[in-house]
Amino acid sequence: MKSRRRDVLKTGGGATLLVLLAAAGWLKPSAAQAQAWNKAAFDTKTMDETMKALGGGAPAQSKDIAFVSTPDIAENGAVVPIGVASALPKTESIAILVEKNPNMLAALFEIPPGTDAAISTRVKMGQTSNVYALVKADGKYYVASKEIKVTLGGCGG
Amino acid sequence: MQRRHLMLSLAVLTGVAGILAGCATAPGDAEVSAKATAMLKTSFKESGQAKLDRLDQDETQKTCSLYAGKAPPKDAAERIEKLNLATIQWPADGKYLGDWKSGEKIAQTGQGMQYSDDPKVPSGANCYACHQLAPAELSYGTIGPSLYQFGKARGYGLEIQKYAYGKVFNAEAYNACSNMPRFGHSRILTEQQIKDVVALLMDPASPVNK
Amino acid sequence: MRAIHSGIACCAALIAVVVMPVAFGQGSAVEEIAKYRAALQDGNPAELWEARGEDLWKQPRGPKHVSLEKCDLGLGAGVVQGAYAQLPRYFADADRVMDLETRLVWCMVQLQGYTEADAVKDPFGGPNRKSDIEALVAYVTSEARGAKMNVALNHPKEQEAYRLGEKMFYFRGGPHDFACMTCHGDDNKRIRLQDLPNLTKPEGAQLAYTTWPAYRVSQGELRTFQWRLNDCFRQQRFPELVFASDASIALTMFLARNANGAAYNAPAIKR
Amino acid sequence: MADPMKIRATLTGDSTEVKVLMNHEMETGQRKDGQGKIIPAWHIQTVTATHNGRTVLSAQWGPAVSKNPFLAFKFKGGAKGEKVQVTWVDNKGDKRTDEATIG
């Protein structure tokens, strides 16, 4: 996939991410071991909601985070393949966020030592949106983003 | 025409039986047709608004089915066109143009007449499924010709308006065995809806003519 | 790759909205959608249906508490591998032409002791409603992956089914005057942005027929060829096609036979 | 009870690639039924993959993960014949564990 995009994240968006996640508590080191579901993180409804709580610093843009086998256009938003690979040393977690979904955070993966810092999954997208790959490595946060266009179309069949 | 040549040569080349489908004159064909019609009656069940009488073909449907996607012979075509022309109900007020904005909405939706559709919701014409119209809509089909600049290319006069109205009302009156539904004749669209679609094609202000 | 999704009106169900900036030309959109489809190939949820179907095939079930492992799909009792690529076919024991679904129903009735009504009661799955037939079809078809389509027209009833199916293909009816042919009788056509295979030619029929059943990502369900036909007729504004009816078998025969020579490659995954 | 997962674990060099397909509706909680009533959210919340008792991946999912979820990842230290186990738990408390042999 040639689309190793590293679009500059809007300041607001990046800060929002961090606040969202900090508020949710999974920035704490102990969260990596927890197998509880972090309701607060997954409940955030809109970008606006999280924008209000802005305060923390934005995660750094990183060229070491790549989208793998992730198309620019999804023929159906119900199933959008997303692959994220991090080349950042000591990658601890990878999260996938969809900016325009009702809930931004789609999935969060904890990567223990010995596991490649690369995951593939599929997410739902309600509409064309930026998708963020947020990586925690050596205690710090990094992000990369990519716009995916969603077409719902043709014969529903 | 070109398509038929392709199909013919292909059938000859590959020798695949039955690819050149529906040889209307082949012996036994009438019996197969009769048997197929009988088979349909036991193979479908009514559902929602779609009753079994939808399988009863009128003369146009029957004739066009017989020629299996190929143009019917001249005399059959003329008969179909004459028959269908007689069904067109022209607007009593002599006006053919409605509101192109409503026409665009009608052209965008294909709701209506499926057993899964709510019969209380007005039907659409789904023009974009088969035709290019306003250039802003990239998601258009190619089963029918492009209708972009329909009025601009033909002129906005009353005669062309009337032709467009008649064509939407009953396409078989102008082109026997056309793939296009007979929107007025089959009561898919109301008179006002047809006028709106005609406006989409014929109003100089419509995006189709930009 | 492309499915046979028929009916000009098909966009009615999911009103077609293409959210695509004008700047995105159709050429590149089509290319990108091809990449999307390629990305889906790895990890087809149809495998979940295949696995469930294999269990259903091997488990003793029904009033007689026997498995389907003695079911003859045309290549002898219990032979599953490659069987789908030679269906529909004439079965002497039933004295009729059967497609896979019809044959499975037959075996469920004859071997397992189900009533016919029970065997056909859930032909298609939906949310929280699983169809055993769909799972069995997924399993049997998966065992034909790679086999060459080889549907015979030897028996007079096979020949008759083909001709009846051909008639159905061109049968125009309903308020919209649609036939299968309306959308699938010509080359290089599309409905909205969806390419339409020409099912009267080997290339089109092969492309379409060898890629069903398919996991439909838009529905999150595995869909069989019987479902494909059923939904085409809904969009054609016909009444509802009866599951495993003579017409469904005849039309399947017409399309399967036209696909002869191609390598069967399903269950697939489609939008 | 939920239907089984389909798990594949393949060793290439020193890396074991795990691919998992899960049977789950992954209902978003945003959709309405025919009567206009919201269909409640129903989705997998946590996923844990283990090899020889050691966690090789854990995940938290929201309802935006697609129906019949797919997951692929790679870890080091697996050997042919050993087992990889995957467990998911959904928001109704339903749970499913399946395993595959590394091949």
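By letter and in written order, the chains are A, B, C and D; residue numbering begins at 1 in each of them.
The criterion applied here is as follows: contacts are C-beta pairs under 8 Å (C-beta built on N, C-alpha and C of every residue); 3 or more make two chains touch, one makes a residue touch a chain.
Worth saying up front: this structure is predicted, and the values here are computed from it rather than measured.
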Winner on C-beta contact pairs when C-D is weighed against A-C: A-C
Centrality ranking, top chain (CA atoms only): C
Separation of chain A from chain B, taking each centre as the mean of its C-alpha atoms, in whole Å: 48
Separation of chain C from chain D, taking each centre as the mean of its C-alpha atoms, in whole Å: 29
Whole-Å gap between the CA centroids of chain A and chain C: 37
Where chain A and chain D are represented by their mean Cα positions, the distance between them in whole Å: 19
Chain B residues counted as touching two or more neighbouring chains: 139
Overlap residues in chain C, where contacts from two or more other chains coincide: 10-13, 16, 18, 20, 24, 29, 42-43, 191-193, 217, 220, 235
Residues within chain D bordering two or more other chains: 66-67, 70, 72
Chain A - residues contacting chain D, complex: 35-38, 41-42, 78-80, 98, 101-103, 105-112, 114-116, 118-125
Chain A residues within the chain C interface of the complex: 1, 69-76, 78-79, 81, 120, 127-128, 149-157
Partner chain C, residues of chain D touching it in the complex: 3-4, 6, 19, 21, 23, 25, 66-68, 70, 72
Footprint of chain D on chain C - complex, ascending: 42-45, 47-48, 51-52, 127-128, 215, 217, 220
Interface residues, chain B side, partner chain C - complex: 3, 6-7, 10, 14, 16-19, 21-22, 32-33, 35-36, 39-40, 42-47, 50-52, 54-57, 60-61, 64-65, 68-69, 108-117, 124, 126, 128-130, 136-143, 172, 179, 181-182, 186-188
